[in-house]
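For reference, the structure I am asking about is given below.
Labels A, B, C and D are assigned to the chains in the order they are written; within every chain, residues are numbered from 1.
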Amino acid sequence: MSYTLPQLMVTAAAREINDGEVVFVGMRLPLLGFLLAKSTRAKNAVGVYELGIVRDTLAPEPILTMGDLPNLYRAQWLADTADMMGLLQQGRVDASFIGGAQVDRFGNLNTSYIGGAHNVATRLPGSGGACDLASLAQRHIIIMTHEKRRFVPQVDYITSPGFGDGFGWRQKVGLPRGGPATVITTMGVLKFDPKTKEMMLVSVHPGVTADAVKANTGWPLKVAVEPAETPEPTEEELAMLKQFDPQGYWTGD
Amino acid sequence: MPVNKLLPLSEAIDRFVPDDSSIATGLAQETLIPFAAGHELIRQNKKRLTLIGPISDILFDQIIGAGCVRTIRAAWVGNVITGSCYNFRRMVENGALEMEDHSNLTLAMALRAGAMGVSFMPARTALGSDLFKTNASLKTMNCPFSGDILTAVGAIKPDVAIVHLQRADKFGNAHAWGNLGLTRDACLASRRIIVTAEDIVEPDVISRDPNRVITPGFRVSAVVHAPWGGHPSPVPGYYNRDHQAFIDYRNQSKTPDDFAKWKKYWVDNIHAPRDYLNLVGKKRMAELSIAHHDISEPVDYGY
Amino acid sequence: MPVNKLLPLSEAIDRFVPDDSSIATGLAQETLIPFAAGHELIRQNKKRLTLIGPISDILFDQIIGAGCVRTIRAAWVGNVITGSCYNFRRMVENGALEMEDHSNLTLAMALRAGAMGVSFMPARTALGSDLFKTNASLKTMNCPFSGDILTAVGAIKPDVAIVHLQRADKFGNAHAWGNLGLTRDACLASRRIIVTAEDIVEPDVISRDPNRVITPGFRVSAVVHAPWGGHPSPVPGYYNRDHQAFIDYRNQSKTPDDFAKWKKYWVDNIHAPRDYLNLVGKKRMAELSIAHHDISEPVDYGY
Amino acid sequence: MSYTLPQLMVTAAAREINDGEVVFVGMRLPLLGFLLAKSTRAKNAVGVYELGIVRDTLAPEPILTMGDLPNLYRAQWLADTADMMGLLQQGRVDASFIGGAQVDRFGNLNTSYIGGAHNVATRLPGSGGACDLASLAQRHIIIMTHEKRRFVPQVDYITSPGFGDGFGWRQKVGLPRGGPATVITTMGVLKFDPKTKEMMLVSVHPGVTADAVKANTGWPLKVAVEPAETPEPTEEELAMLKQFDPQGYWTGD
């Protein structure tokens, strides 16, 4: 069966969402992941969009941004960003997704300054709502390209806090809850060791070896005893993804 | 009788946005971005502006590229469907821009503090992040009751909020609908408000639905009639997002020379609003217009 | 598919308002006061309730007089057009009520803190006043940036918000219009929301205007169809304020015996919503109904 | 010319408002005072009502409360109490009116506990928005019945702060601005000595003597060198008041 790597990743993302959950939905692959979950295993999930939208139905047409008019049509609620952030800060958001340019072994994300703020090699767009999701959602899922330059021992700048320097850090700095639960990459799926909060490879995509993943990671990556193979998208899932992204803008080759 | 505040775009920007102004704009995030007003800032060659907004979606990059900006107070600056913006990236990497790095939540609270007339707002976000290193408006504090560690976000009070909305009367009373983002608090936090609107309507069109008012007239400095003034961003009730324009901008702004060409074509050569509409063209405007209408149920404000 | 939350008033109050609950209600101030729901609290003889609201306009006095209340967290408790309320006055003077004295601003900030998920909100009001002596949710603090003296208002997170609104669908999505007071923040701050509505409508009546939604369905526990459920307070679009009923209540509640008679007639004897409407009477209902209609201009949420 | 005492007081109140000002409007006589000013000398005044109303026109019918539906009809803005309080806290409200049960020589008001909070003789309704107006408006005007038991050296409980214990107190406790400008009573009009912030009689109502006012005040009341006589309402003002309060609910005998 033929599918693209982004389609595999979106399918894996969709499987992170449980029915009835309140999900803070982002852009691009995370958005597609939510739409796919909403159409399959999580029909009663509620989507919260930081620009001021809550909806519990699919948009009537494919969208490229959260603000495309079909995403406003028959929404459950159109309001202020502060209202959405209130839901998040109260702890009412179960799950959220974040993309990143640079991640480290404890799941801290940098989408601001490669090289750091004082010696800027590359300026990236910044946090948007990512820092808020990473700080306040019950859990968040990271979606990234798996390259050695992106998977570094320590990020140059923490835009979105993960587990900081390990177990207990979030509580120490005052974060009320949460942390990264899963990292879905172009090579596999990673989780965090409950004791150390260090990233650990738990599943590899079809045709990828654990050694290849380790070779593309900037620190000695821990691997689960028997890493699973990431399940492939089903025909049904692929058909739905083609509806959500007909031009393959996000999920094409 | 209230004052007629209806002005041409050029006069509104000239009178109410001097050099060195701090401007809150692009406040609804992806929708209702005041591109027409932003381009007028460029034509008038404003200097040393501070731009305040959550994400901006290419407008900030255009004003930055034109050399009008000294300081950015924002959560994200880029092109939502393509990623990085080149003028912004180049100028930060060259140290030519002062950055205050916010998250959407901290910026929302900074403007809400301004709107409420207090010097800060508490939040629980960003703790442990490096935003504190590149944002002097953020401090950690302890809750006076629980002792919990919190983020104190300093108030932002912009000199002017520039908002693009669907309809306004000549007194500045205006309706907005759709996702509102930070619009409400940003307008209330700002010393002045400039409204650009798709339609200028009779006062009763606004006053027959006072709950939909986002800018009460007594707080507004200028009202501008700007059809398609939000293009290429989407305007609920008027037109859809022009994705191709955002993709084109990415491809046409990679180098300073490319951007100069883009700017000449889309900004400098616009001498009247009509000129811009001609550039967009009837065909594209027809493609972007609302095909499936969905009309709100009326409500009664009688007595 | 979302859950059908439509319930009879008695079941909604029985299931979602146990004894000892903290209840935010009367949140829009003079308008949209949920009298029908409040009277059901009395009929079910709830005990040790905490009532949270800005002014209440006689409803709090009625629930207090019925012996359901232990604590009041409010800015004002009385009868707006006649002044003091007797049950409230008597019980406070007898030391039978715990009082937390707010101003409208401090209560608004306490509920906003709850809505935003932070433990307090800063304000500049009440400094130097004695509210600090009778309200443990108020403390002075210094601004982390300016050092200015501020009032820290502790968050209030009610167990349940009870709101009366104009129209809702069976899933809890509801429209409200008119002056909203503290309604928005109070609903968002509360663990549960009970909506009583003049009309139960098809879902699309609500979803064709998502900006008018005050309670998104996913946050609502119960929806009750309660025509005239706000009487004698005014409900925009439905009926005017019944001033005479407020004057009558003053005259009929001066002593505990008087109040007992009032309660028997207007509350205890109501076994079905119909009974209340019969007591009010067709004639008065006609006098209170909207004579001059004023209909909002529609907006388009199409794409 | 015949008029009632409340009509005289409302007329005096109306004369405290200047054209173009933003006024935080209260209930009862203050409401009528605003409506009268709005119809005469302050046609461009903007009224802010704490329950979430801003209007720059008169309601089409007489109202008894701020929430009566004619007061919502064609309002300039219907919003949240927090929005109105934001205008107030920002310092955008020029003037406001407060009624009181008990006032002291420095203009502190008690509308909560006669006898004090720990030895309650009479419980009054409380602050409502009064404490906020007294704390945050650029100036406020107090309207009261002039009796010795109400005009006391020191109030039992400060619901709405005036000048505390005198000059400099407001700044010391952290209030950003404001204070009482005028006290309109059933006997006269009082202002505050700029140096000491103590209340001072500046005008007596027709037929009232300064000595009578002093006799009804609970402390040795200072009197201006030559107290004026409070101007009577004009025919035009009385005619308008009859429109606003046709039954004489507030301004009857």
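Everything that follows uses one rule, which is that a residue touches a chain if its C-beta (ideal position, glycine included) is under 8 Å from a C-beta of that chain, and two chains touch if they have at least 3 such contacts.
This structure is a prediction, so every number in the text was calculated from the model and none was measured.
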Pair of chains joined by more contacts [C-beta pairs], C-D or A-C: C-D
Centroid spacing, where centroids are CA-atom means, of subunit A and subunit C in whole angstrom: 40
Subunit B-subunit C separation of Cα centroids, rounded to whole Å: 36
Between subunit A and subunit B, centroid-to-centroid distance (C-alpha), Å: 28
Residue numbers of subunit B (touch at least two other chains): 116-118, 123-124, 148, 150, 177-178, 180, 208, 211, 236, 240, 290, 292, 294, 301-303
Touching two or more other chains - residue numbers and ranges from subunit D: 60, 68-69, 72-74, 78-79, 82, 85, 88-89, 136
Arrangement of touching chains [line / ring / star / complete / other]: other
Every chain pair in contact, whichever chains are involved: A-B, A-C, B-C, B-D, C-D
In the complex with subunit D, residue positions of subunit B that touch it: 1-2, 115-118, 173, 188, 204, 207-208, 210-211, 213, 216-218, 301-303
Subunit C partner contacts - residues on subunit D that touch it in the complex: 27, 49-53, 60, 64-69, 72-74, 78-82, 85, 88-89, 112-113, 117, 120-132, 135-136, 157-161, 164, 169-170, 173-176, 249
List of subunit B residues in touch with subunit C within their complex: 116-124, 137, 139, 141, 143-146, 148, 150, 152, 154, 166, 175, 177-178, 180, 205, 208-209, 211-212, 236-237, 240, 290-303
Subunit C partner contacts - residues on subunit A that touch it in the complex: 22, 43-44, 46, 54, 56, 60-61, 68-70, 72-79, 82-83, 85-91, 136
Contact set on subunit B toward subunit A in their complex: 28-31, 54-55, 74-78, 80-81, 83-85, 88-89, 92-93, 95, 101-105, 108-109, 112, 123-131, 133-134, 140, 148-150, 177-185, 233-234, 236, 240-241, 243, 290, 292, 294
